[in-house]
Amino acid sequence: MRHGKYRFLIGALAPPLLLYGVFVVSPYAQAFYLALTDWDGLSAEAGLVGLQNFADLWSDPLFLAALRNNGLMLVVVPTATIALALFFAACLTLGGGMRRRGRGVHGSGLYRIVYFFPQLLSVAILGVLFQFVYTPGNGLLNGLLGAVGLDGLQRSWLADPATALPAVTAVMVWSAVGFYVVLFTAAMESVPTDVVEAATLDGAGRFTVFRRITLPLVWDSVQVAYVYLGILALDGFALVQIMSVGPGGPDNATEVIGLTLYRAAFTYGEFGYASAMGVTLFFITLTLTALAMRATKRERVELA
Amino acid sequence: MAGAAAVLSGCVTAGGDDPAEQATGAVTDDNPLGVPEGADLEVVMFDGGYGQEYTRHAVTLYEERHPDATVTHEGLQKVGEVLQPRFVSGEPPDVVDNSGAGRLDIAALAAAGQLTDLADLLDAPSLDDPAVTVGDLLLPGVVEDGTLDGTVSFLNYSYVVWGIWYSRSLFDQHGWTLPATWDDMLALCEEIKGAGIAPWTWQGKYPEYMMDPLQSLAAKAGGLDLVYAIDNLAPDAWRQEGVLAAADAIHRLVAGGHILEGSEGLSHTEAQNAWCSGQAAFIPCGSWIEGEQQGVTPEGFDMAMAAVPALTAADALPDGAVQGASSESFLVPAQALNPRGGLDYLRCLFSGEVARGFAESAKAMPVVKGATDGLDLTSGLASVAAALETAGDNVFGYKYRTWYPELAVEVDTATGELLAGRADPEQWADRIQAAADAVAADDSIAKYER
Amino acid sequence: MKPRLLKPRLTDGALHLVLAVWAVLVTLPLAWAVLSSLKTDAEIFASPWSLPASPQWDNWARAWQEANIGKYLLNTLIVVGGALALVMLLGALTAYCLARYDFPGNRLVYYLLVAGMLFPVFLALVPLFFVVDQLGLLGTYHGLILVYAAYALPFTVFFLHAFFRSLPAATAEAAFIDGCSHTGVFFRVMLPMARPGMVSVGIFNFLGLWNQYLLPLVLNPDPDRYVLAQGLAALAVSQGYRSDFSGLFAGLIIAILPVLLAYLLFQRQIRSGLTAGAVR
């Protein structure tokens, strides 16, 4: 009965692949080619320079600073976001004790609605908003610290090399946590209550239940979250461009690859060089994703 | 995937379509630039601090002169991203105001042969008086500013002067007088602090605002030779005595605690508002600040600009010398469909009528001679005009920022560190010198000389 | 069981405290932005906490006029709606074929698609402009829709691929035996079963496309067709030249409101849809 398989496959795959090939693959393929040239982004000709652009990258202090900062964000953003989200999700679902039987703490629905808010803000809005949160004199954060008597902690958050990158990273985490709380909560709620009950009757504490039963079951969601957040952390361009001193400062403390690339392409007219950065970023991302997928691969727990 | 392959063959560097026919019309007294009859015109403007009133005004004049033409006028904030692909594909508009943070690298545009030579425009009779050419109407230095490799590639519209801004009423109230030298400035700072006001604030997120007084002090101390050495990437140019002394002078503001706390984290509008609300006495800025602040300047504030004081009494340049330059760059793309119309549009723009309107609506100095004569100038603009008058021929300017944007980024980063107190003048100079040397050694960067 | 009943009450108090702290952290900046949008510039600079002497509703009016929020909202809905429908259909088809059929080149196509997630978009901008321009799609709704859909395709396929894999094979087998065609099986059997996953990825895509900024910046130069992100950026940039903080805050709030209202109205469906797909 399965005749016509290839006719179906061709019919089904041709339109999406055509779309993808025309609008995504072909521009990127051109970018790969441009990475080997000295194209200035404005003239009709470009000279081939081989791998010179890639060689230059490793002596470019801005690019190296950007690589370091993106690397830090890549570690911190997914880890912090997922840890916070798992923690809050666990609070929401495992609280309430036996009486509420896995329906979570009172008002957990309200928390979930509120936590999702930041996800509704576009990056442009986030940047502008948090620029004011961090502003030295009359900003929200310093005002808050002053109000609770922590004047000693007040500082120019975005102008101090020690706090600028953490400040930007915090915005990313702040905006992403809620989404994953909602995601993980639902995953945890799908854990059958009788399994949890049985475990509890066996004397397992909440933490043990979380570690031994809940976490393995939400591991798939965690994996998806890691990839998505990793891509987010490798970007950061819009936030840095709107919020940071310079932008990219102070003293390159918030330089990210996107910004270095953007500046090279649009300010310096070094489009070939910028393309080389993009290609490098592509291979770094590719490697990291492959590694992450391998590292987080676990046998899925079958409950059926 | 066949479609993808077909598109790939039309690669970005394969060149645009064959250049479209660029029609020209008959040259007459009424049409000195030979604009073709009925040809449409597309004008793309940077929509920034000066607004769009003056460029629209010029559209009106153009439409009166060419009633058959359809003129489209568009204001953009990120000129670069939008226009770059159009330049490469050979479909640029007829006139561009290439300004603002997202502007295109104009030197690269010129090098790529993307710009029309504006010599014909300069030789054309002005709209105001057929006996005077457009070129004769421009303030000195404007044509030079727009010349790249011997070709007039663009013309700037606004004449910007940099200095130190203060509130006349605040100074009168406290009996403060403007300092003549930097030592006087430091003494005055102590006095201002005594009155419970921060002597200075600055636009810390964009360190180039503070680089302007610094490099003004340096130019005054070392004269034009110092300026040229820097622009020409001469060895140890940033370690010249005058440069180090100027950096030290600015650093003393930091060391003496004369800067409003937190300024290093303020955006330009935030810092300027702090200054306007009386939290600080001085702020460095170019002459556009009055227009930028017009909505929030308190009644009776009376803002005014003073020239940067002399570094010492032994300066190379006389008192009152100011850093000035033209900005807001207008160009006609070489591949435009109607380049003659583009030139004629600029002829309208550089007319006395439009220039006067610009001074009034944008509160800034146009580059057209005598445009502000007889106008009732606002307090800030009047002080700028007065400062220019005092300076006479002693107007100086640096070019490294336009010529070598890579260097400018490093200069700004180093200056930010200097002002935050994390680098001393020596470290500041070393860092910039290293960047300047790297640019000088990089063959892929086109070099200029003055 | 007695002691266990007591213990949760105690710890629930601590849980609520922790949860409430985050809820405050999340809402505070938004509430503060709302407050600031009703103050005068002078009041904003005087203190971050003070209440406005009288609410400055004209800030909102000014921002509404200047930022053309109404028009941009409509443009955004057209483009995002169109792209969403397209990418969901094509993405589901692709993911289904790759997940359930064995054919030569399967892995290649899959990795080619997934690799698209890893590339910085602005690198493709200039070449992409030429592609779109040569097809005559520059500054058109359908051009933007096609491009949006193309760039959302990788994530959609990546997400749905895993989902289709996890669906039981038995139902499809039965349908084939009943004489269903390949197309029929997909549309009548598999797609309905994949509905939770579709809703999830649909929400991911909606948020991603809604916030798209770089693509329209270059491919959508006509101010009449601006999407919301472009309008907002224009507002923020012009603030830099004219110093109007209250107007900027008002613009931010106006731009947030429609999404916030939509979310509050449909939050139950959104959250259950989002999560039903993620939990396989």
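Residue numbering begins at 1 within each chain, and the chains themselves are lettered A, B and C in the order written.
Going forward, a residue touches a chain if its C-beta (ideal position, glycine included) is under 8 Å from a C-beta of that chain, and two chains touch if they have at least 3 such contacts.
Here the structure is a predicted model, which means the values were calculated and not measured.
Asks: If I rank B-C and A-B by number of C-beta contact pairs, which comes first?
Replies: A-B
Asks: Of all chains present, which has the mean Cα position farthest from that of subunit C?
Replies: Taking each chain's C-alpha mean as its centre, the farthest from subunit C is B.
Asks: What is the distance in Å between the mean C-alpha positions of subunit A and subunit C?
Replies: Centre-to-centre distance between subunit A and subunit C: 14 Å.
Asks: Provide the C-alpha centroid distance between subunit A and subunit B, rounded to the nearest whole angstrom.
Replies: It comes to 38 Å between the two C-alpha centres.
Asks: Taking each residue of subunit C in turn, which ones touch at least two of the other chains?
Replies: Where subunit C meets two or more other chains at a single residue, that happens at 45, 125-127, 131, 135, 233.
Asks: Listing for subunit B: what residues touch at least two other chains?
Replies: 7, 11-12, 81, 84, 88, 267, 274
Asks: Where in subunit A do residues touch at least two different other chains?
Replies: Within subunit A, the residues that touch at least two other chains are 17, 22, 25-26, 30, 34, 41, 137.
Asks: Mind pulling up the subunit C residues that touch subunit A in the complex?
Replies: 1, 4-5, 7-9, 11-12, 15-16, 18-19, 22-23, 25-30, 32-33, 36, 44-49, 90-91, 93-94, 96-97, 101, 103, 109, 112-113, 115-120, 122-128, 131-132, 135, 146-147, 149-151, 153-154, 158-159, 162, 176-177, 179, 181-183, 186, 204, 207, 210-211, 213, 228-229, 232-233, 236, 248, 252, 255-256, 259-260, 263-264, 267, 271-272, 274-276, 278-280
Asks: Tell me, which parts of subunit B touch subunit A in their complex?
Replies: For subunit B paired with subunit A, touching residues are 1, 3-4, 7-8, 11-16, 80-81, 84, 87-88, 90, 102, 104-105, 108-109, 111-114, 204-207, 261-267, 270, 274, 279, 405-406, 409, 412-413, 416-417, 420, 422, 444.
Asks: Which positions of subunit A touch subunit C when the two form their complex?
Replies: 1-2, 4-6, 8-9, 11-13, 15-17, 19-20, 22-28, 30-31, 34, 41, 84, 88, 91-92, 95-99, 105-107, 111-125, 128-130, 132-133, 137-140, 143-144, 147, 174, 177-178, 182-183, 185-187, 190, 200, 218, 220-221, 224, 227-228, 231, 235, 237-238, 242, 257-258, 261-262, 265, 271, 274-275, 278-279, 281-282, 285-286, 289
Asks: For subunit B, which residues count as touching subunit C in their complex?
Replies: Residue list for subunit B touching subunit C: 7, 10-12, 47-49, 74, 76-78, 81-82, 84-85, 88-89, 91, 267-269, 272-274, 277, 292-296.
Asks: Quick one: which bits of subunit A touch subunit B in the complex? Just the residue numbers, please.
Replies: Per the stated touch rule, the residues are 17-18, 21-22, 25-26, 29-30, 33-34, 37-46, 62, 131, 134-137, 156-161, 244-246, 249-252, 263, 266-270.
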